[in-house]
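You will see two complexes here that share chain A, one where it goes with chain B and one where it goes with chain C.
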Partner chain A sequence: MTLPSLNLLMQSILSGIFIGSLYGLIGLGLGLTWGLLRQINLSHFGLVFLGAYLSYHMATVAHIDPLWGLLILPPFFFVFGAGMQWVLARFAITPFNSLLATFGVTVVIESLIQSIWTADYRRLESDYNDMKFKVGSLFVPIPELITLVLAVGIAVAIWAAMRYTDLGKALRAMAEDAPIAAAFGINQKALSLGLAGMCSALAAIAGVCLALTFTLAPSQIFTWVGVVFAAVMLGGLGSPLGPLFAGILIGVSEAVTMAVASPSWAPIVSFSLLIFMLLLRPGKS
Partner chain B sequence: MKKIDRRSLLTATAAGAAALVAPSSFAQGAPIRIGSTLALTGPLSATGLTHKLVGEIYIDQLNARGGLLGRKVEWMVKDDQSKPDLARTLYEQLITADKVDLLMGPYATGAILSAMGVAQRYGKVLVHHTFGIPSLAKYDMHFPAWSLGPTPQTTVPNTVFDALAASPKPPKTIAIVTSKFPSIHFLSLGGRAVAKQRGLQEVLFLEWEFGNRDFGPIAARVKDAKPDLVWIGDIGLEGNMLLDAMKKIDYTPPMNFHLYPAPGPMTKAPEGQGAMSLTIFEEHQPFLGNPGGAQFVKVFNERATQAKLADTSVETQAAASFSAWQILEAGVRGANSLDDKAIAGWLKANRVDTIHGRLRFDGPSNYGDDLMKIKQVQGGKWQVVWPAQFAAPGVKLQVK
Partner chain C sequence: MNKTISGILAAGLVLACVPWLGLPAFYESFLYLICHWVILAMSWNILSGYSGYFSFGHGVFFGVGMYTTGALAGKLDWPFLATLPLAALIPALLGVLLGAVVFRVKAVRGELFALLTLAVTFVVATIIINTPIDGGPGVYLMAVEVPKLGPSPGSSLYLLALLVMVATALIAYTLQKSKLGVGLYAIHDDEDVAEVMGVPTYGYKLLAFAVSSALAGLAGGIHALFVQYVTVGETFNITVPLTVVLMSCLGGSRHWAGPAVGAVFITCLLYYFTAGNNPVLGKAAVGVVLIAVILFMPNGVMGYFLKRRANQAAERSRALEAAGQVHASLPVVVSTPAPRPAPGSTEVLLETRGLSKAFKGVQALSEVSLTVHKGEILGLLGPNGSGKSTFINVVSGHYAATGGSYMFEGRELAGLPAHQVAQSGIARTYQIPRPFAQMTVIENVIMAAMFGSAAMNRPQATEEAMKCLEFTGLKHKAESLPDDLNLHQRKFLELARALASRPRLVLLDEVLSGMTPSEINEAIELIRRIRDQGSTIVFVEHVMRAVMALADRVAVLNHGKLLAVGSVQEVMSNPEVVSAYLGKAHA
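Let's turn to the complex of A and B:
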């Protein structure tokens, strides 16, 4: 173990915050469907990558600024998510079976991506790639900053909506006890469709952020599953802010480990942290 | 004169008609079936698709030349999903259920090792494309197309440091940062040992797990260490991600060498300019003068564009794949037989001219010479810079 310079440590922490915010943004939609709809939606990862590829396609083929994808893609993903929820509800899929069914959807999405864009690597080259500014001795890249701002803004907005609006209260009531909530006039079916649609729309937004920062390949869909699951479980199922905090905690712990010790220890440290935190707070999620 | 009965006449007429309909280039017999698997899906599929395209091109060209032993050749390729365990099962199927005549290797070290075990069990020749750890290949009827030599952990780093020693500004300090992906880690550790022997001062050594996403802290540590040379033991996109992370903290390494980067993305990224790597073939002379070189490059460029591959140029993977098919063809023609022992015997006793040079299989573990060269991204494309006799016309190693 070496003692890093303060600048190295701060730059690494910043890097951890940025990657953690992407974990949180991807985990937000996953955690909400898991906690409120009791569905472990693995296709969320496929949708994130589909959003990323569509964003890449719009930028490279249609020459549309990638940030327009944040407005263009979510409505289409909303419709897809609501449609998938309708199918899952129609066949009364259990939480465990939802894992299997949505895994199948992910494989279909992966194959679809591969058939359209091939298995080769795709990189969204845009003006944002080179944009950065300096705060003191620290460099702040713009694409990662956009991801952080979106992740924090969306998580806080959803948290506020769930806490202070009737719609949010209805969602929480539905998750707590669906039959009683229905007795009080809450339309469970409509709310479920809306929530599933919103979570898919969040996947599109996360996809745009992913494409801004990472080179894409269809097979990488599954490499994000472990760490995002960890962020969701650590942050609490159905919590809008939890996955963001947990994602940043994981990102920063990995980054600090890489800065002071061997980078190959990073996953060990982050997953040990997950186990430790879950042991400390049993029954919370 | 013997009288011809009606049955004989009908049989002879039918045979004559069939002979007229059949392609004239194939004299007789059922097609020769060659079986293999490739990583057509999964994490290795980007490269697996290159091997598939090369195989299709080769089989087309081979059949256009009249096939093998006067028979048409068919290639049966199955998707091993980038999983070595599945590759093992599929090779069993190819031999026992599909009853293929010959085998061609899969892509990537793990899958090749799996296929080698099956080939050994059934006494089949296995020619393969890009196997990264020669000492693990114990089977006496395996034939490597990727000419690493028997001890690449020593010979490859020496080639790298020879190239840099001959440059206008030889490095004095080195940072070695590497993935723990097996065949990468193996060569990086070799590079570390050779660097020490040659007197380079190691200022940083870091390892990361394959699949790492955040390269920011690693980039910051390299920047702090201020090395003359960064040896990056990368595979696929890792090198691009590290260079991207370096760019974000306003750092450009004076010299950066990469083991197995994804070739296309490195040439397209502005920060990839000046990056060095290994190769056995690039799209310039003298390689285009090798047997089949120029023609293959032309056809591959066209077919890769049609297949919508992001990178349509021929480099190590495509060249090793094409060479593997050349080796198999040479073995069958040399032995004039489909008998595996006869093919193996011929290959061990003879040399094969391939797209990337003349190969021999009479060294340790059937490996011959290390034919690796050093290439560098210059002007947005890979160009060989070392050894000098293989350098692209007018091109030299550029250092900052």
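Let's turn to the complex of A and C:
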């Protein structure tokens, strides 16, 4: 174990914040469907990667600025997410079975990605890649900064919507007790479809951010599962801001572990946090 | 010998002949893979399928077994066979250790248990890759000698896996049919009720976890030699747990053989696509199959057949009812009544002293000191929220008392886990019936007879259960699932379960609520007969007609305190009781 220089440590913490915001952004959609619809949507990870590959494709093949993906992709993903919710609701699936069924969806998406873009690593090359600026002695890369801004902006917007709009209140009532909410005139079915669609659209946005900052491979889909689950559990199911804070906490602790110990020890941080969270959390789920 | 056991052994013997048939070596490795996955899926099912604790951490036990053999044989040059006992033992210890922590936390069930076990997989993987067990480059086993069982090394490995598979099938089958299996199924359906009915839930879960992990570790140990090169990335990933879950769900996790059916199917499917040079399509096919199975057959192939059998039984009982062959009223009691102690007996059966229970700030039960005499029927009255149900929950061991003590037949019970309370002779019913939803009516009752104070073996318990069903008028529903019963039948099932354990003390929690007047008459008659069989009864009730008809004495609770005890007339004229029910008169 070697103590890194102060500058290196600060840079690590900064990169931890950046990657943590991506954890939070991915976890946002996952946690909302989990907490509000009682579905553990593993296919969220598949959709994030699908979004990432599509923006990669748009940028490298069609030469469109990858940021356009933020506008083009979400509508399609919305439709897909709402459609999937329609099927799951029709079969009145239990939370555990939703985990299994959406795992099936993820595997299909993974196979699809693999057959279109092969199992090789892909990197989105765009003008943003090398853009960065310097604050004091710290480098701030633009793609990471875009991710952070989007993650914070969207989380705050959803938090405000859930707190202050009637639609948000209806959602929270539905999550608390769906039959009673329905008795008070809440259109549970339409709300669920809309929420699932929105979460899936969030996956598309997270996918664009992922493509801007990371190298892609289909086999990578599942490497994100553990750490994002940890962020969601830590931040609280159904909470819009929780996963972001928890994601950043995990990101920073991972980055510091990498700087102080070695990169190969990093996974232990998030997973130990997840284990302790599960064991020490008060009774309610 | 049992037909299933001889079937498993015969199948094993036939499969053991394959290496001498002169088939191409490819068949041996294919059959090896089938055995490998069958062991993993069946062993997973012993904990997760039977008890409902779905683990996503099966990969960790498999992986630790793999690395035990890998490190010992590959790095320390142990002979391969000598590593296998440890490849089973170390994962078993890990499972017990993990279970000892996790099973103490009530909230970690269902999907949370799945996540936690998955997280453990990655923690263990990180430790292994950063320590000399692996250290990063992986472990080679090329130089390790394969023990000679068959004509070639490949066939020897196949025979070894086959041996373990046969053993796993025998273990899975015997466990399912044993008392442990019955207890695990009860845990699956309703863990709290299982505990209250006498199942040592904590110990059973640990035992199942240990067996399940040991078998997975053994499969891992053999697999280390099969692949000859062990890496963390290939071992501790999400593929193993998910494939195993998929196989079991596909085959049906409520049947010991379900996972085997699923494992054979999925392995063949994957092999078919890999052989056709299209592994990507194979993967997608597995995904599609998984989605289809979860949506259309949520209980798997074997579960589908089990369900069909239950449905047919339900049909038959409906037909019987329609044909008017079932008595609407209670049938004649067959069992001989035990001598009833003379009324007014003063032999103390249960004595509580200052019994208290607080939930955070709320004092639900405060300093209740009460004696229950042998052979009496004691009515427990009080307004809503006065602590009647809490009293039952504390005495049955479901809640631990926060103060005071209670003696049953001269033995201190406070602080004992609920299953020991049940085994010492106290049974209870629930106000809202809580039958084990996926067990048939008779299995529900058999289970109570096996685990309660009677502690019968299965044949005895079956006989007793039949008697109890006859006694409660549910005989024609014996093979139905509890979902097919109406409320009053479910309440009588609660009574049948309480009776089957041959309790000396029965605690009845509002059995009569929600019943029609004529059903209440039946129930009153039934409760009398339960007493005449030699049980003492404490019952919570709001139906005053029943209290008048049944109670030898009544006790009144208010705000958790005992207000009065005595005969119905005495207590009802007590001014404090009157004001508790009707409020204080304004002067």
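Methods note: the second predicted complex is superposed on the first by the 275 of 285 C-alpha atoms of A that agree within 3 Å, B and C clash if a C-alpha of one lies under 4 Å from a C-alpha of the other, contacts with A are read in each partner's own complex, and residues count from 1 in each chain.
The rule we apply is simple: contacts are C-beta pairs under 8 Å (C-beta built on N, C-alpha and C of every residue); 3 or more make two chains touch, one makes a residue touch a chain.
Everything numeric in this text was worked out from a predicted model, so none of it was measured.
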- So if we stack both complexes on chain A, do chain B and chain C clash, or do they fit? clash
- If you stack the two complexes on chain A, which partner ends up touching A:4: first (chain B), second (chain C), both, or neither? first
- Message: Output check: A:121 vs chain B and chain C. Expected answer is one of first, second, both, neither. What do you get?
- Response: first
- Task: Using the touch definition from the top, say if A:165 reaches chain B (first), chain C (second), both or neither.
- Result: neither
- Query: First (chain B), second (chain C), both or neither: which does A:106 touch?
  - Reply: second
- Message: For A:12, using the defined touch cut-off, is the partner it touches chain B, chain C, both, or neither? Pick first, second, both or neither.
- Response: first
- Query: Is A:87 contacted by the first partner chain B, the second partner chain C, both or neither?
  - Reply: second
- Query: Should A:267 be classified as contacting the first partner (chain B), the second (chain C), both, or neither?
  - Reply: both
- Contacts of A:258 with chain B and chain C, given as first, second, both or neither: first
- chain C clashes with which stretch of chain B: 92-100, 146-154, 164-172 or 218-226? 92-100
- Note on the structure: Footprint intersection on chain A (chain B / chain C) at 110-111, 114, 262, 264, 267
- Query: In their complex, what parts of chain C are in touch with chain A?
  - Reply: 54, 101-102, 105-108, 110-112, 114-116, 118-120, 122-123, 125-127, 129-130, 136, 237-238, 242, 245-246, 249, 280-281, 283-284, 286-291, 294-295, 298
- In the complex, chain A touches chain B at residues 4-5, 7-8, 11-12, 14-16, 18-19, 110-111, 114, 117-123, 125, 130, 132, 139, 141, 144, 214-215, 217-220, 223, 227, 251, 254-256, 258-259, 262-264, 266-267
- Query: Residues of chain B touching chain A in their complex?
  - Reply: 40-46, 48-49, 82, 180, 206-209, 211-214, 216-218, 220-221, 223-224, 236-237, 240-241, 245, 247-250, 262, 264-265, 268-270, 307-311
- Message: Please output the residues of chain A touching chain C within their complex, sorted ascending.
- Response: 40, 87, 91, 93-97, 99-101, 103-108, 110-112, 114-115, 222, 225-226, 229-230, 233, 262, 264-265, 267-268, 271-272, 274-275, 278-279, 281-285
